Each structure stands twice: as structure tokens, then as C-alpha cells.
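Dropping the structures in below, format is C-alpha cells.
Shared chain: subunit A. Partners: subunit B in the first complex, subunit C in the second.
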Partner chain A sequence: MNNAIVTEGLDKGFRDKGVLKELSLVVPQGSVFGLLGRNGAGKTTLIKCLLGLIRPQAGKIAVLGDDPWDFLEETKERIGYVPQTDRPYPWLTARQLIDYTASFYRHWNHELTDRLMKEWGLNAEDKVGLLSEGETQKLNIILALGHEPELLVFDEPVASLDPASRRQFLKTVLEIVSDRPCTIFFSTHITSDLERVADRVAVLKDGRIAFAGELDVLKEEIKRLRIRAAGVRLEDFKGEGILHREVFAHEAILCVRGYTPDIKKAIEEKFRAQLDVEDLNLEEIFLELTR
Partner chain B sequence: MTEEKTKVYFRIAASSGVPIYRQLIDQVKTLVATSALAPGTFLPSVRQVAAELAINPMTVSKAYSLLEKENVVEFVRGQGMKIRGTAVSQEDLSQRQGQMVPLLKEVIVRASQLSLRPGKVMKMLESLWKEEGSHE
Partner chain C sequence: MTNIYRQITLLYLRYKTLMVLTAFLALGAAGSSALLWFGYLRFPRCVIVEAREEAGMFLWIFGVWFVMLLGVFLKRQFATHRAHLLPRYRAAHVCAAFLVFALFLSAAAAWLLTLPAEVVATPWHVLWQLALLGVLFLVFAVYLGYLSVELILLLAFLGISVGSAISWDAFGLLRVGAGGPPAQLPVLASLIFVSAALFMARLMTLREEHFEYPYLLTWPPKELAKNQARVYGLLLRVEQAIDLLLRGEVFLEKVFGKRTCGPRYPAYPRHRGVVARSLHWDCFESRSLRHLQVLVLVATPLYLWYLKANPQVHIFFTGVHENFFLLVAAPILTALCFNYKKMGYWQRDMMKPVRRRDIVRERGTALLIALFSFWALFALYFAVLPSIVIDPALLRSAMFWAHLALTGSYAFAAFSWILFLSCLSVTNVIVLNFIALAGLSLAQTYGAGAFPLNVLIATSVLSLAAGAVFCKTALMRWYEKEIT
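And now, the complex of A and B:
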């Protein structure tokens, strides 16, 4: 089995509102996979479907080969989940919460969780309810790592962390990925973090996946073109690969997908134009894909 | 006795339009071309580079693989990626020149659009270059 997660034709809605529509996604094993989407696009809904917390109206899902709605116990032990906001058991100390969580699993690496607590500056004797948001988030991450799962699912894991803590988190994630076979799936707004660690990304838009594939390929294929020529009109630029177009007095700005150097030549010749090709980073690509 | 790995300082811009693996490849090639990395020295391990730059080790692997395909480095069992001999730097020179050509052509086109003569543009280039040089 090569894929950690596979969904086909997923439909999920609430009352009259459709959130996920015919959503199909593949996450290969060993991948560090980033899910991007605007607020309200349905990232959390998708993640909850993947974990069997809510049930889709239609479609198929296989996580580690198993159907989430009927997960085997063994499968659950191979998955770690960090939800968006969670303040569990405020009256317990961090140490107690870790021990409590560990008791649910046949395998728990106490050395790892102790080390992470220290490295991330968490005090074992602090009551969970009194931790700051950042500290709570760190604790939730540690709780998901203790049983050394094969699949880690993070829902906005670093939203409350400052840049230094985010960097710590990324380094830990990368350490894990280096040490043992592990698939990491996380949804985030922070494109710069994804650019460092993800090898694949998917963009969720209007309930569907607008793009899914290797991050490097995405950067190589999507470019912004500035075309300077007299008399360019909007109608001159049509086609499936054009994500966005704007025309000013003597300039057209296109955002294209599937760019190759031949296209540059073709446009320069056709319009006798001056053409500048701009590379776009993930944030800009995300904005273009989700206009 | 294991070879000492040279300390290489890679700098990457994670949020650039240029994929990270490509940045690493270009940096290794530049270091080789400027003799900062001598033939026979070893690149740091994938793990080391990934940990230092806080990036996915697969990205470093990808860069190293492609460098190997392009014969810039070769894999030595048990030791890692070794920089290959000088024959490569010659190839590399024409590659580097090739990369300049499109930029130079653009300069020519733009100069003509702005009605600037070649002689004028060359003078401008020379003085700008001197300026840049004095800042290094």
C-alpha cells in the first residue's frame, strides 16, 4: 500500500451548505503534505472526515488502508492528530495529561515526550488550564507524537506560535521524518513554513482540490507574465492555462499555469512584445489560485 | 579514516519563486566554479544540510541526485557526495555563459526601444560594474 490517504468523490455538507464537493485527494506514504485553503474553505471539515470524526454524505476514504468511520484499533494507534483548538482536562498538570494519554496506547516513547517538553520550554507541573495558547499548542503536538505514529495529521498546528517556536516545530517535524517512515499531513495558512518542509501541497477551493502535486512543480509551472506591447487587449489572452489576466494601457499581466519557455517566444513574436517572466512564491501562487 | 567534510554555508530563500532544490544546485555549481569547493572534497550529508537549513531532507536529496546526474558530484559509498575533477568546470563555464545570453539579449532589445546606442550602453555597464565592485 503506497498511499497514506486516498479520497474519492467526497461530498460533505451541513444543512443546505455544501462544503466538500466530489473531493479527490491522494497523499503518498512518506510525504510531507500541506493543505492550503482560505478561511472557511473546508480544511477542518476534510480533516475530520479523514479521521472519522464526521461522516461524509458520499465518497470513499481510505486512511492507512482503512475506512475512518470504522477504524480498527490498530489503525488508530498509527495515527496522531493535533486539532485546531483544544484545551483538554484543564485541572491536570502537563505531566499528568501526558501519562493519561500514554495509557491509551500500547507503545509510548516517554523519553521523546520528556525531551520535547524540555526543549520546548514546557513545565511538567503546570496545570493545563493555565497554559498560554502557544504552550497549549506545543503540548498538543507533543501528545500526538508520543506513540510515534505513522501518520500525523495537524490542523493549523502553528497558528498560535511565534516564529521561533514555529521553527522549533518544523525542525522537530523534519527530525521525525528523517528518523522513521512517517507521513505528515497538515493544514496551514503559513505558506513559508510549507515551502520549507512540504514536498507536496494541495489547494482547497470551492470544496474541491484546485491543485495537488509537488511543490517544486507548482513553482516551476505557475508564472506571472508582464507583456509590454502597444494595443494589447484582454481578448488576446484566452485559454485554459490562464489563471488571471489584467490589461492596462500598454501592458498585460497574466498569471499562467503550465508555463514553458516556448510560450515566452510565442508571445513575444505574436505581439512584438517585451516579456518579463516572474517567479511566484507559494503565497502568491495561493492567492492566484484562490482568487 | 573518513574524509573531513568541508563546511559549506548554503543560504536558501524558502519563500522565493525558485524551488529550494534549484537554489542548492546553483550554489554548489557556483562554489565549484569559483573553486571555493575543490575537487575531491565532500559535500555535507543530506541530513546535516536539512537540519541546518530546517528544510525537508528530500529536497536536499533531490538536489544532490541532480548534481550527480549532471556529473558535478559523484557518490562514494560510505562517504557521500564527492566533487568531481576540473573537467567539469569547463562544461560549467559554457553553461554559465549560456545563462547570461537571454539577459544580454534583453539588454539589447531594451536599448533599441529606448534608442540607446551600443557604445553608450557599454559605457553604462562598465561604470555600474565598477560601482558594484567597490561595494564588495
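And now, the complex of A and C:
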């Protein structure tokens, strides 16, 4: 499988503060890749580095096989981007803005943009400056989709959308992926959305990748163990794979990474305990990984 | 590809403010051309010679407005991710902007060449001057429009000094290149081409991390406030470093090293007078103005020495007290730039536990104090001090002080008018008002020199009254806007 994005040993800091630290990441072509991280973890900085908007201090980046700092025009034709906030040309109408943006690309699917405008309840004759924040974001998404790019990069695309619009956005993302080969890379705080569409995720913590891989693997790998036994102590549970531990009177709760059935068996034997293994949803996994 | 240029042209055409200015430029050119031809055929030659100034002034005023707006328009195109991510974007936008500029110059050239030779004896000089000022203002709008007040004032002083050195008289900015040494034209031409080429090259590669990128952002206000905080932070560090240097500590390490402490916002002086309270809202700026006062103290002796040592620049200061551009427009522009950045904090200040009406009144007072300070600074620096050095007898003339009083009161009236315009939301009405203001200023510029003393005093009183009415109306409108 070819890779849409490859980074190696990426370093980026602002003044004395290191934001990305030796960050290496691979995003396979055709995947829907979700980037998770707490505020200030470096998500937007990473996206800006990937798009060549800012230059990393060290490391290599290849996006669709090209260097982002010096993208070829052909590569730009293959990329769509939606930033967190953007209000372009307030004096134009939505229709005029679409025509203006379309003029830069050799290929533009007017049928798709017209359909999405209708489905998302946008009036083509409304002035961009008069649109609400959510409507502007919808328009920005449509502008990023019009040239049917091979790589779509969204930076918190749904933060300003209402639940119905978020659903529509996710539906569109799924349609795009099923209709044609396309890689989608997006950062978000809304883990339930990511769970619905992403097949791969990366969790960014303190400028480093805490996890990157398939979502199913992540869910299999991280489990919560509820151990019921008398006399368990906090110091009984040590080790690299333990993300979090809590001990109560007759119960201990462990969150482990790299879970296998052998772990369960070993704990049951050691403490003569009754042990329940619980699955975690993505939000819980995210909280455990970034704790 | 052709489609790109068509769409960019439409982008310009749909930008109403630019179009309204273009229409006025075209109508004004056609109208004035007809009037000048009519005057040429009907009136004696001396009227025609006088008309030369108006021809240059007309182009100058509209040219500067047009080019400033073009600069602001360019800012929007390049301070965005689209500049890097849309294919074929930068080259097309740079070409389009400079094509618009070239069209503007071509229109000016066509207009100048249709006039009788006696009206504009040196059309190419006027054109060179327009091109130079145009490019410089374009660069100014993009690069310097949102710098701190100290830097803007420094650049204004520098610009006026350079202007005086190459123009030879007070209104000489309109006659750059005409009557100077023969080398001036090639130097001006090179300056135009080099500035334009460097500017274009920079726009072609400009990225988010480049020094000037943040200064291109005019919106949202948060970004604007951030930029100002950045400039202020640098000045604060220099100030701290100077304090430390005076105490014998390491200077450079403090300037370029980590900042040790941030600025402290003093408590709101609730029980003090309106002036003290108004200064509270401007405490950062008032503090940073101290740098300027120190600069004036340090620079003034050097400036006086320069005047004494260079008799050829004396002519620049002949009649400078009547110079409306210098003593009215320059302080107003500076005060506007100075106050514009404060809009970034406006919303936050409105949430503070102070009655909104009081905030508006105090902000208005601060605005007027800023205007008076800047006008006084310009008047002192360019009118009073040079007169002390060159012609002390002038200071005993009532006309001198009457002229100065008129520039001050007219600056107040013009500023209040602009303040009033800030309450309006229809772009075309604002542009129309600006044009009326420019016309009135032009009339004052040429008329005030011939006013007798009593007319000067009456005009001053009238300007003060008009200013007070505009100012009060503007403040009341602000108040209503915030309440509803």
C-alpha cells in the first residue's frame, strides 16, 4: 500500500517551546485517519507542517510523494484543506466564491458542489459575510471537496457545526471514501465522530505520537480490568503497560495497554481475584492515553 | 487559465469600495479635464498656472486612497492558506494587482496628456511621482499599516525628511522630480522598479512564518491585538533592558533572551476624573508613548542642528504653518492608526464592571487626547521649532498662530468627522463622506493662505463647533449601538 503522508523525526517549536518532537507518522492511502490530542498537543501545528504552511526545524515530510514546503502545482490539485476558521471574501456570494475557487483547478465537480449546497441548506446567492460561523464552515468544506482531491485535510472541521450538520458531514465523508480512492486526514475533539468514520487514529501527546494505527487494534489493545479481591495494594500493580491504576477497599481498577488473555490469567492466579475485562470507547481510550 | 484571470477581475469588480473610488477617479478626471480646458480657453494664463497644483493634488489624493485600498485588498489575498494551497494562485494575484496599478497609472497618464501643455507642463514628472508614491503606499499598506504608533511616527518623520530633501519646498511632495537635480528621475525610476520587484518577489514566497505575515492579518481582531501585543512586547523588553543596562546588567541578553515579566494593568481609577479614567484604558499606549517623548527629546537638538547646517531645506519650512497636509492629515492618520488597534480590546473592555456609557465617554476623551498630542507634536516639530531657528520674528506674528490654530481646530473637525463615519455601515456613504472631507480639506489647503486674520479665527471657531457636534453624535451613536 502506498502512503499518502509520511513524516520522519519531525521537530517543530516556537521560541523555547517544543511543539512537535521527533514525530514520525505514516498515513496509508485510502484511509480515514483521525488525529486526536488535547488542547496544545500540536495538532494544528502538525497539519500546518504537513501542508507546508510552516516549516519544521528538523525531519522529513512527504505528502503524496511531494515536499510540502515546495508543492508542485499538480500536487496542489490533489489536496483539499479546511482550516479551523476561515471567512474568505465577505463581499462575494457563495456561488461567486465557488466559481472563483473552481477557476484555479483543472477539474471541478459542479454537480457535487451544487448537490452539497442544496443538501446542507446553503443558499448560493447569500453573501459570505452574512453567513453564520457554521454555514461558513459548511461552505469551506464544499470548497475543499469541489476538485475531488485525493487527500483531504480537515482541522477540527465540525467544531462549529450543529449535530445534524455533523451527521451530514460524516455521511459525505463516508460517501467520498466509498465512491473513489481518497485519503482523509482530520483532527477533532469529538471522538464519537471519529469512531464512526475513521479506520485509523493517532493520538498526539506532548508533541509525540502516543499511538498510531488501526482503530480496531487500538480498541483490542487497551482494556480496563476490574479486579475484585481482598487486600490488593497500589504497589502490586506496576509495569510499562499500565496506563492508570486505582485501588479501593475490595477492588482495583487497572487500565492496561497491550492486553492479552494471559494478563487476565496471571492476575487471577496471583491475587485469587475475580476479574472483569471491559472494553473502552474511543473517548475513554483517549483520556487514558493522554492522562 | 484565462478563467483564473476572469475570476480575479470579477473579484476586484465586485469589491464595491474599490469600484466606487475608481468611478470617482474616472468621473473626477473627466470633469476636471473639461473644466481645465474650459478655463484654458476662457481665463487668463495666471489661472492656468495655478491650476497645475490642483491637477497634481487631485491625482495625488485619489491615487493614494486607491493604492492604499489596493494594498489592503492584497493583504487579504496573501495572508491566507489559499496563497500556498491553491494552484497558480500567487502569480495570478500578483499579476492582477500590478495590472490594476498599471491601469491606474495609464489612466492618469492619459488624463495628464489630454490636458493643455500649460496646465501640466511636466506630465511625466507627475506620473513618475504618482508611480513612486503609489508603489511606496502599496508597500506601506501591506507592510506597515498595523505597526505600533512609534514605528508609524518614526516612518512618517523619516518619510517627511526624505520628502523635504528631494522636493525643496513645503508643498514639494507634489512636485517631486520637477526642479531638482537631473539625477532625480533615474533615481526615482530605479526606486520604483526595485520596490515593486522586491515586493512582488516577497509576495510570491510569503509564508505564515515570515516576519511580516502576522502584520498582514487585519481580521479577526484577536489576531490584530496579538500583533500589537507582539510589537509592544519587543518594546517592553528593550525598555527593561535599558533599565537593566543603567543598573549595569547585561543588555543584549535581556533584549533577545526570555522575558522576565509581563506588563501590569493598573486598577481602574473609579473615583478620579474623566481624563485620569480615560488614560487608564490607554495605559499601555500611554506608556509606550513615553518612548516617543524620549525620542523627541533626543532627536530635537539633532534636528535643529540639521536645519542650521542645511540651508537648502529651509524652504521646506517656509509657510509650513499653513501646510494642511502636514499639520492636519498626518496627525489624523497617525491618531487613526494609533486608535484602530484598540478596537481589538473593545469587546473585552465592554465586559468590565464599568457603565458602558462611561467607557464610551472615556474612550472618546482618550481619542481626543491622542489627536491633540499628535497634532501638537507635529506643530511643534515642523512649525514652531524650525521658526525659532530660521525666522524667530515669525513667532511674533498673529497670523502664524492663527494659522496654527486653524490647522489644530480643522484637525479636530476632520478627525471627529472620521469618527462619525465609523458609526456608519454603508460603504458608499462612507466613501462619499470621505470625498466631501477631502474636497473641503483641499479648499482649506489652497484657501487658508489667503484668509485674513478675522476669517482665520472665524473658520477656527466654526471648525471647533463642527468637530464638537460630530464628536458628540459619534459617541452617542456608539453608546446606542452597544446598548441595543
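Keep this in mind: the second predicted complex is superposed on the first by the 290 of 291 C-alpha atoms of A that agree within 3 Å, B and C clash if a C-alpha of one lies under 4 Å from a C-alpha of the other, contacts with A are read in each partner's own complex, and residues count from 1 in each chain.
We take it that contacts are C-beta pairs under 8 Å (C-beta built on N, C-alpha and C of every residue); 3 or more make two chains touch, one makes a residue touch a chain.
Keep in mind it's a predicted model, so treat the numbers as computed, not measured.
Asker: After aligning the two structures on subunit A, examine subunit B and subunit C and state clash or fit.
Answerer: After superposition on subunit A, subunit B vs subunit C: fit, no clash.
Asker: With the two structures laid over each other on chain A, which partner does A:Asn281 touch: subunit B (first), subunit C (second), both, or neither?
Answerer: Touch partner of A:Asn281: subunit B, not subunit C.
Asker: Looking at A:Asp16, would you say it contacts subunit B, subunit C, both, or neither? Reply first, second, both or neither.
Answerer: A:Asp16 sits against subunit C, while subunit B stays out of touch.
Asker: Which of the two partners, first being subunit B and second being subunit C, lies in contact with A:Leu225: first, second, both, or neither?
Answerer: Neither partner.
Asker: Given the touch rule stated above, what does A:Val197 touch, subunit B (first), subunit C (second), both, or neither?
Answerer: first
Asker: Using the touch definition from the top, say if A:Val32 reaches subunit B (first), subunit C (second), both or neither.
Answerer: first
Asker: Report, in whole Å, the shortest distance between any C-alpha atom of subunit B and any C-alpha atom of subunit C after the two complexes are superposed.
Answerer: 28
Asker: Provide the residue numbers of subunit A that touch subunit C in the complex, in ascending order.
Answerer: 16, 48, 51-55, 71, 73-74, 76-77, 79, 81, 83, 85-89, 91-92, 96, 99-101, 103-105
Asker: For subunit C, which residues count as touching subunit A in their complex?
Answerer: 3-4, 6-8, 10-11, 14-16, 76, 80-82, 84-89, 92, 207-209, 219-220, 258
Asker: With touch defined as at the start, can you tell me which subunit A residues reach subunit B in the complex?
Answerer: Spelled out, the residues of subunit A in touch with subunit B are 32, 167, 170-171, 174-175, 177-178, 191-192, 195-199, 215-216, 219-220, 223, 274, 278-284.
Asker: Could you pull out which subunit B residues touch subunit A in their complex?
Answerer: It is residues 14-22, 47, 50-51, 53-59, 62, 109-110, 113 of subunit B that touch subunit A.
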